[in-house]
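In what follows, chain A forms one complex with chain B and a second complex with chain C.
Take a look at the complex of A and B:
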């Protein structure tokens, strides 16, 4: 009998294998994309009113108090909107004033978020900061910056701007960053207007409500871990 | 000894390739210069503050990186196409016109980056200044320009591939380049939902650098092995198909490692961990393949009793071997370091990513594209066996050593950030600056700058060498 050439050295065999493997992986990715797209579509005001937890809540989330707390069920921190039911689920009840109001309509909040998202791109935030952990590493991550202790009542950044709420403090800082030096490495003046600053803060508040599977870990929980600070 | 690299002399396709390589080399220099500005700013924060801020320097640094590589990739295809298909590239006049459109667009985009920098928060800024999305910041008008140029390039490739001899290498390139061009479209829209934004942004970035570009490198390495050491085409193309299967099999779903923390569902943890953990395997295979074919052809030569190297282009082959190793080390090892979600929870968004980015882009892409530039120099000057000059050697050592040094420095900086800012301090504003103020972090940034200067000096040797090596008397003609 003739000594047959093995299929393992046959280029046609490997070409077909490459086509099948690539096709299979691509189809799986597309299928998962449909599933993920449904899960990450932005929620609505009705969702918030009805207590529906969305991975990316609607823009009117800026009317609510947002915190970042441990969920025993999921084993990491999750955004809590409008109060915690005690088991790491949002109650969607407790409101929080944002520039003096907690009754932004879907249109008003949506317009602010739109302005803020546009601003985040046109001011090139991502080439110094990280957003959802992606970007440059020259400045702090902004994913949960809305919840940063430095901006809360009694926090160093809020005190420095002389404002009495965190949203006003953040907006003030964004408009005049280089007059509030926080570190030898400063944020430059990017010509951000008062309205743009308001939009950017709304964008940051909204981003802090996105369910990032526990990233970043232990955000704002640990004080005094280094050098007794 | 293989000499089919000479067949295309006088080819317009090869002439266009040299144009592409020339502009790519200029942009490579710009990438390093603006990288130096950014590196200086880490050490001296006041440097060019509110004149050319870090965000602008860094945007040009990474955009020049992407664009010079795309230019060199297009150039390499125009170079190898006549050799592989046996015919002149079809539609080359249009290709040449599109080249000038591309160059003009890039110059305008960069001038706007430097002199306008930022605009008001509106759609006009997105259309005419930049989109503020890392790596693909190009304004929307330029997006459409890039699509037109890419389509013209793909048309050149397809028409030539269909009319001429369609080798395995050309077949892989045709399939790969259409995906490469098509994927760019997924990054061309605006949305208020940052999770959706980043989901599709990764379709461009990841499916370029961890899938289509890697396959492209496989095809280029195959071409290089055949032309430079006379490797057997059937063996080389069999490996190429195996590499395509492994690269796409792991890389496409390996995208999951970018979907751990951006708001996407938890199942990406498992998918991303599994498939991205497999991503180094094809890179190991590619490394082994290059060394195997080299040893095999050299062994056959040695068996004839004549002590003679099978390599007909020493500097280019050096860069190809550096590619095989650098791809494995930078993309494979440094990528695997932080690809599992349990580690990535702390390393995501730190200098660790930056360390990986530097070594991976260099090892996987810069190396082989520099090698292609040397192949073009050899072809243009009709050299039979091209040897290394002192400048070739200095350039290789200084660039490779400089990038490796930057990578080690950034890795150390990354560890400090991960341990202090993330694990100890919980990632706040104060935690971030505690990490940045650490002595080890500061030292790492000093070393990164020093190694950046070494890299740039190496680039000067490289530029000098590429311009002069063709005329050197040391080669066999």
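Take a look at the complex of A and C:
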């Protein structure tokens, strides 16, 4: 009969286990990194025209109408670009004027988004707001702010700013935020110019078209939480 | 337990992240089960050495 041995107090067992777990986890994480890079790479204008659904659509998505609709299949709301085909997929057909135009080229739209991104970093929006899960919750989450009912036609923000379109109302608000009483915690004036505001609104419109797997959950439905009603 | 793939872009990671149970089952079967094999190998080795 073999002598009783203790595997649990044996160094080699722990070394091999640790090497296996660490090595496998490393392989999994490196694979996950490449998988994620592919999924979050931005689409192109051709993708939009050919009806290819990308998690992050190309910059020319600002030419299209974007809505946020419940997908029964996925169990949460998804951004719908240019109309819904009835099964929760985008049709990429219905356009929407953005500052009077719906024919921005890929370069023009890309430049606008770039200006907006730099603007959001310069003015440090994340110091108070949340963008795609990064930032603070002192001020409303901006991930889907373009789709916030308060900014839609007939919403309070267009009436308050005296503008007749969503993008103009947003741009006006961004230039003079401390003029408009929105929340108890009002946004301070950050010296945003008209051109920067246009870029920022384009940046927000594009961000709302990103498929975030339903984040933030129940957007626009929780009273007093997301859109500050 | 096994949900249909609903992510916008089907991928291996979307499949294992369908829910907490799917992820747990996957990680345990792929990481913990081979450790039993390591355990048995080491046990056999120690038994042989102590003969």
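Note that the second predicted complex is superposed on the first by the 199 of 229 C-alpha atoms of A that agree within 3 Å, B and C clash if a C-alpha of one lies under 4 Å from a C-alpha of the other, contacts with A are read in each partner's own complex, and residues count from 1 in each chain.
Operating definition for what follows: contacts are C-beta pairs under 8 Å (C-beta built on N, C-alpha and C of every residue); 3 or more make two chains touch, one makes a residue touch a chain.
The model shown is predicted, which means the values in this text are computed figures rather than measured ones.
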{"item": "Which superposed partner A:53 touches (first chain B, second chain C, both, neither)", "value": "second"}
{"item": "Which partner reaches more residues of chain A (counting touched residues only), chain B or chain C", "value": "B"}
{"item": "Partner chain(s) touched by A:160 [first = chain B, second = chain C, both, neither]", "value": "neither"}
{"item": "Touching partner for A:17 - first (chain B), second (chain C), both, neither", "value": "both"}
{"item": "First, second, both or neither for A:7, with chain B first and chain C second", "value": "second"}
{"item": "Which of chain B and chain C A:91 touches, first, second, both or neither", "value": "neither"}
{"item": "Contacts of A:211 with chain B and chain C, given as first, second, both or neither", "value": "both"}
{"item": "Touching partner for A:70 - first (chain B), second (chain C), both, neither", "value": "neither"}
{"item": "Contacts of A:185 with chain B and chain C, given as first, second, both or neither", "value": "first"}
{"item": "Chain B versus chain C as contact partner of A:39, first or second or both or neither", "value": "both"}
{"item": "Touching both chain C and chain B, counted on chain A across the two superposed complexes", "value": "17, 21, 25, 32, 35-36, 39, 55, 211, 213"}
{"item": "Contact footprint of chain A on chain B as seen in their complex", "value": "38, 41-42, 45-46, 49-50, 53-56, 58-59, 117-123, 125-126, 129-134, 137, 168, 171, 190-199, 234, 237-238, 241-242, 244-245, 248-249, 252-253, 255, 258-269, 271, 345-346, 348-351, 353-354, 417, 420, 422-434, 436"}
{"item": "Touching residues (chain side chain A, partner chain C) in the complex", "value": "2-3, 5-7, 10, 12-13, 16-17, 20-21, 24-25, 32, 35-36, 39, 53, 55, 73-75, 78, 211, 213"}
{"item": "Complex contacts: residues of chain C adjacent to chain A", "value": "6-9, 11-13, 30-31, 34-35, 38-39, 42-43, 45-47, 50-51"}
{"item": "Chain B-facing residues of chain A, complex", "value": "9, 11, 14-15, 17-18, 21-22, 25-26, 28-29, 32-33, 35-37, 39-42, 55-56, 59, 110, 113-128, 130-141, 144-145, 148-150, 156-157, 178, 182-186, 188-191, 193, 196, 199-200, 207, 210-222, 225-227, 229"}
